[in-house]
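Look at the two complexes coming up: subunit A is in both, with subunit B in one and subunit C in the other.
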Partner chain A sequence: MKIVKLPKEKLAEFLSCLRAFGEIHAPTKRGEKSHVFAPLKEPAGIELDYTRTILPLKKYFLPPMETMFNFQAEKGYETPAEESDKKYIIFGVHPCDIHSLKILDLVFGGKYVDGHYFSRRSKAAIIGLDCIPDEFCFCRSTGTDFVDDGFDLFLSDIEDSYLVRVGTSLGDDMVKAADTLFQEVTVQDREKYKKKSIQRGQSFQSEIQLQDLPEIMDLEYESQIWQELGEECLGCGTCSMVCPTCYCYAVFDELNLDAASGQRIRRWDSCLFKDYALVAGGHNFRAQRSSRVKNRYFHKQRGFVSQYGRPSCVGCGRCKEYCPAGVDIIEVVNKLRSETRV
Partner chain B sequence: MYEPQNTLQGPSLYQPYPARIIRTLPQIPDHQLFQVRFEQEDMVKSFTYRPGQFLMLSVLGTGEAPFSISSSPTRPGVIELCVRQIGRVTKALFNLPPNALVGIRGPYGNGFPLEQLRGNNLLLVAGGLGMAPLRSLLWYALDNRAKFKDVILMYGGRNPDEMLFKYELLNLIDRADVKCLLTVDNDPEGIWKARIGVVTKLFDHVEIDPENTFAAVCGPSVMFKFVLEKLLQRNFSKDRILMSLERNMQCGVGKCGHCMIGYKYTCLDGPIFTYWDAINLPEMI
Partner chain C sequence: MDKPKVGIYGLTGCAGDQLVILNCEDELLDLVGSLDIKSFSMAASGADDQCQLDIAFVEGTVVQPDEEKLLKDIRQRAKLLVAIGTCAVWGGVTAMKNEVDPKKFIEQVYGPAGKVFEVIPPQPLSSFVKVDLSLPGCPIEKEQLLRGVASLLHGDLPKLPNYAVCTECKMAEYPCILVEKGLPCLGPITVAGCGARCPSYGLTCNGCRGPVDDINVASEINILKEKGFTWVDIQNRLRTFAAPAPPLNLQTLEEAKNA
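Now for the complex of A and B:
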């Protein structure tokens, strides 16, 4: 992989060059402590030492709500006018979030390709950035603390500069367009990178053992833990909304005022919501909150493994940080483990 | 035997194709058979499916719901759906004027494993609306008669007024190439010409070789439980018992997440599951 160096003082200039490739979206401050991905107006507005944004990147590719197509009486269903061809650059994406996009690609691809998702995906360049974990991060346990692909460029902080890995041909064009800003990587740079990498590895505060979790989930299917969690959980669905790999949605039709035309819409849904598994006739396959919480964990750590060969959790820590009831995925997994050991 | 079908994919994967309800045939209270035909002529000809598959039917302005295809791919041109009126979409469907425009996409799901069934006896056991997916397999087998050994249908309803496809099935009783056993729990008006009693009693009337038979069971869960006992008593392997499952489905193609059971999508991995799958999936029945 091609690797170049960008001195930090050239970053603002590089960002201006990037505008030729699309609208830049980057982490910006929202309130005191929170961050969101938003259009970057001034290079100065960028917040590169954030840990996580509240909403993950899925909002760009699977918007919280979207019109899939329109309908009209006696005409039937028709796709809305082509979306604009506007290109985006999402700048400053951490490894876990890049992995989450790779997971969503699996879900929305396959035998039935979701064109809504992929048309947006193809219009967005991803520029990654490494990070320092906080107490909520456990991406090292999920194997998502590093990425080898899934980005156009990836920036690693080496004190006064960034080492820039070039992942795609588009990434290469971006570097070439700002050719004068970049330098060659020196021996010292490589040493700095390795030192930083070790430091980063040592700063993880949360660790869980996940490899044999699918078996443990099976063993602990009837565990009392789920009952207890069901009592703590409020069923608010926040964990699903903020999770970068939760993709469930609900579909409904919306009528226009003429009552003869309208839209079919999809909207983020959560398996924690009460009516999620309700079927006609009123039978609810997961009427108990405990069974819904269990289902969420089961799907991420067990179900996804048998469907796609890997768990769908990327260890970003969002669900733990934003759960109003303090439900903590690390604690849940550790409890499941110790139950099994007894 | 079975041509791989080309699942329809529009400009949006989720965008239904226009079709007309060309005929509705009232069945029993709250149940109707809808005959549906694509608007585009080439699709009428090219649309094919596997018995046991379902499609997503849209009523303009109301929404979409999954329905088993009740007709057989051996009789192309018109798609038949046997629908029970139960909620928003189905009510709207029942209230449509003649020749109304609806939307269809599909077929989805795995359908019955026809390659595996070939050369075996077929035992179809249905209760209530479970007849909808089984009717497709029944006619498929009868139209490809040489490919199967014995074909046995057991179908039960509460009373003669609640038997779906009543006349069509009564006509099969005299056919030599199928053993059609129909039963009702009660016959208050004394009009029923076939048997009386619960479905499981029909097992007393047949010899079954479990080694060379596949059983397909569709119906209410209570019925399923009793039929299952019978099959296991008769030494059926759990791999040779097939069932169709229903879950909340909002996409039909493995995206929306709603139909997940344990670690399978009902819409992709099902809706047809073996009993062995069923007992290995938490929350299955």
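Now for the complex of A and C:
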């Protein structure tokens, strides 16, 4: 892999070169403590020392709500005009979020490819950025603290510069377009990078053991833990919304006042909602909150493993940080383990 | 197709929900073009209050025996009855102190003059008649009203959100008022549909839309207690807009507190 060096004082200049490749979206501040990915107006507005954004990158490719097509009684249906060929560059994406995109690509690129998702996904370049974990991060345990692919460029902070890994030919074009800003990597840079990597590895405060968890979950299917969790959980849907790999959506029609036309809409859904498993006749497969919470854990940590060979959790810590009731995935998993393993 | 005959009525309330209908400025012509409005006292004189109706929209709370009579009459004439606004759906602010005898309030507020009218404890429409569709909100959301009317024109009931304000708040990426600011936000137990309007201004959700189906009120109480709010504050907060809702009645709350 090609690796080059970008001195930090050249970053603003590099960002302006990047604008030729598309609209730049980067972490910016919202509220007192939160961050979101948003269009970058001024390079000064970028917040590179953010830990996590409220919503992950899925919002770009599977928006919270979208019109799939418009319909009219006489004319049939037509797809809404997309924002042409507008290209995006999402700058400053952490490894866990890049992993989550790889997971979503798998899910939406399965037997029935989701055109809505990929029409947007193919227009976005990803520029990664390494990070220092906080108390909520457990990506080291999920094996998602580092990325080998899934990015066009990936920046690692080595004090006064970034080491830039070039992941794709598009990434290479970006570097070439700003050729004069980049330098060759020296032996000292490599030493700095190694030191930084070790430091980063040592700064994780949370860990989770996911190995053999599918079996443990099967054994604990009837556990009292789910009941207790159902009493704690508000069913508010926050964890699903902020989860980078929760991809469920509901599809429904909205009608216009002319009584002859409307839109087919898809909107994020969550297995924690009471209506999620509601079917004709008023039957509900998961009428109890406890069974809905259990379902969410089972899908992430057990069902997904059977289907894709890995859990869909990437250890980003969003569910734990944003849960109003303070439900902590690490505590839940530890409790489940303690019932079965010493 | 004949236009459906519609009546729009207000019982005790601020008339804010009827005002939302008039505030649908861009859609008002489409709205009156698709409906045959027989009665809408707030907007037009010359109401026909005897005719049969396809749809009746009713705002407000029932607080007088006369209103009960009027509501039952509307119900009898209408094929579909739609409760608009939290007062009509849940009782609203007028019903927040139903545990106190209304005669006491009348005496305090009006003195001897209060004796000329009769009152009953304020109740939502569903305490007296069958309600076919409930559009909550203080006031209702214009978007929901228009979607609701469009669905009814198609002969169907609209699909309303049955999840919490938190969901819409996160979809819009507003910082969490409860987690980040530690303020007593009712987003986790309040039904969505407003696009998390108050949190979008950095304010707490006050629960004006009423409870979402299957709320976990015990967990919400626990969170607020842990943040240091008193039991009186928590109760008052929970019971401002939808006190007659079963999960918010005093006994249920007392049990939830001790759970």
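By our rule, the second predicted complex is superposed on the first by the 339 of 342 C-alpha atoms of A that agree within 3 Å, B and C clash if a C-alpha of one lies under 4 Å from a C-alpha of the other, contacts with A are read in each partner's own complex, and residues count from 1 in each chain.
Just so we're on the same page, a residue touches a chain if its C-beta (ideal position, glycine included) is under 8 Å from a C-beta of that chain, and two chains touch if they have at least 3 such contacts.
Quick caveat, the model's predicted, so the values are computed rather than measured.
In the superposition on chain A, A:Cys236 makes contact with subunit C only, not with subunit B. Contacts of A:His116 after superposition: subunit B is touched, whereas subunit C is not reached. By the touch criterion stated above, A:Met68 is placed in contact with subunit B alone, subunit C being left untouched. Of the two partner chains placed by superposition, subunit B and subunit C are both touched by A:Leu255. Touch counts on subunit A: comparing subunit C and subunit B, the chain ahead is B.
In the superposition on chain A, A:Tyr221 contacts subunit B only, with no contact to subunit C. Look at A:Cys271: by the touch rule set out above, it reaches subunit B but stays clear of subunit C.
Subunit A uses residues 252, 255, 259, 262 to touch subunit B in one structure and subunit C in the other.
Looking at the complex, you find that subunit B touches subunit A at residues 7, 9-16, 18, 39, 58, 60-65, 86-87, 90, 101, 103, 246-248, 250-251, 253-258, 260-265, 268, 282-283. Interface of subunit A with subunit B (complex): residues 68-69, 71-74, 76-79, 107-108, 110-116, 221, 247-253, 255, 259-260, 262, 264, 266, 269, 271, 276-281, 285-286, 291, 295, 298-299, 302-307.
In the complex of the two chains, the subunit C residues touching subunit A come out as 1, 27, 30-31, 33-34, 146-147, 149-151, 153-154, 159, 162-164, 166-167, 170-176, 178-181, 185, 187-189, 202, 213-216, 218-220, 222-223, 259. Those residues of subunit A that touch subunit C in the shared complex are 30-34, 36, 53-55, 59, 64-65, 231-238, 241-242, 252, 254-259, 262, 268, 270, 273-275, 289, 321-326.
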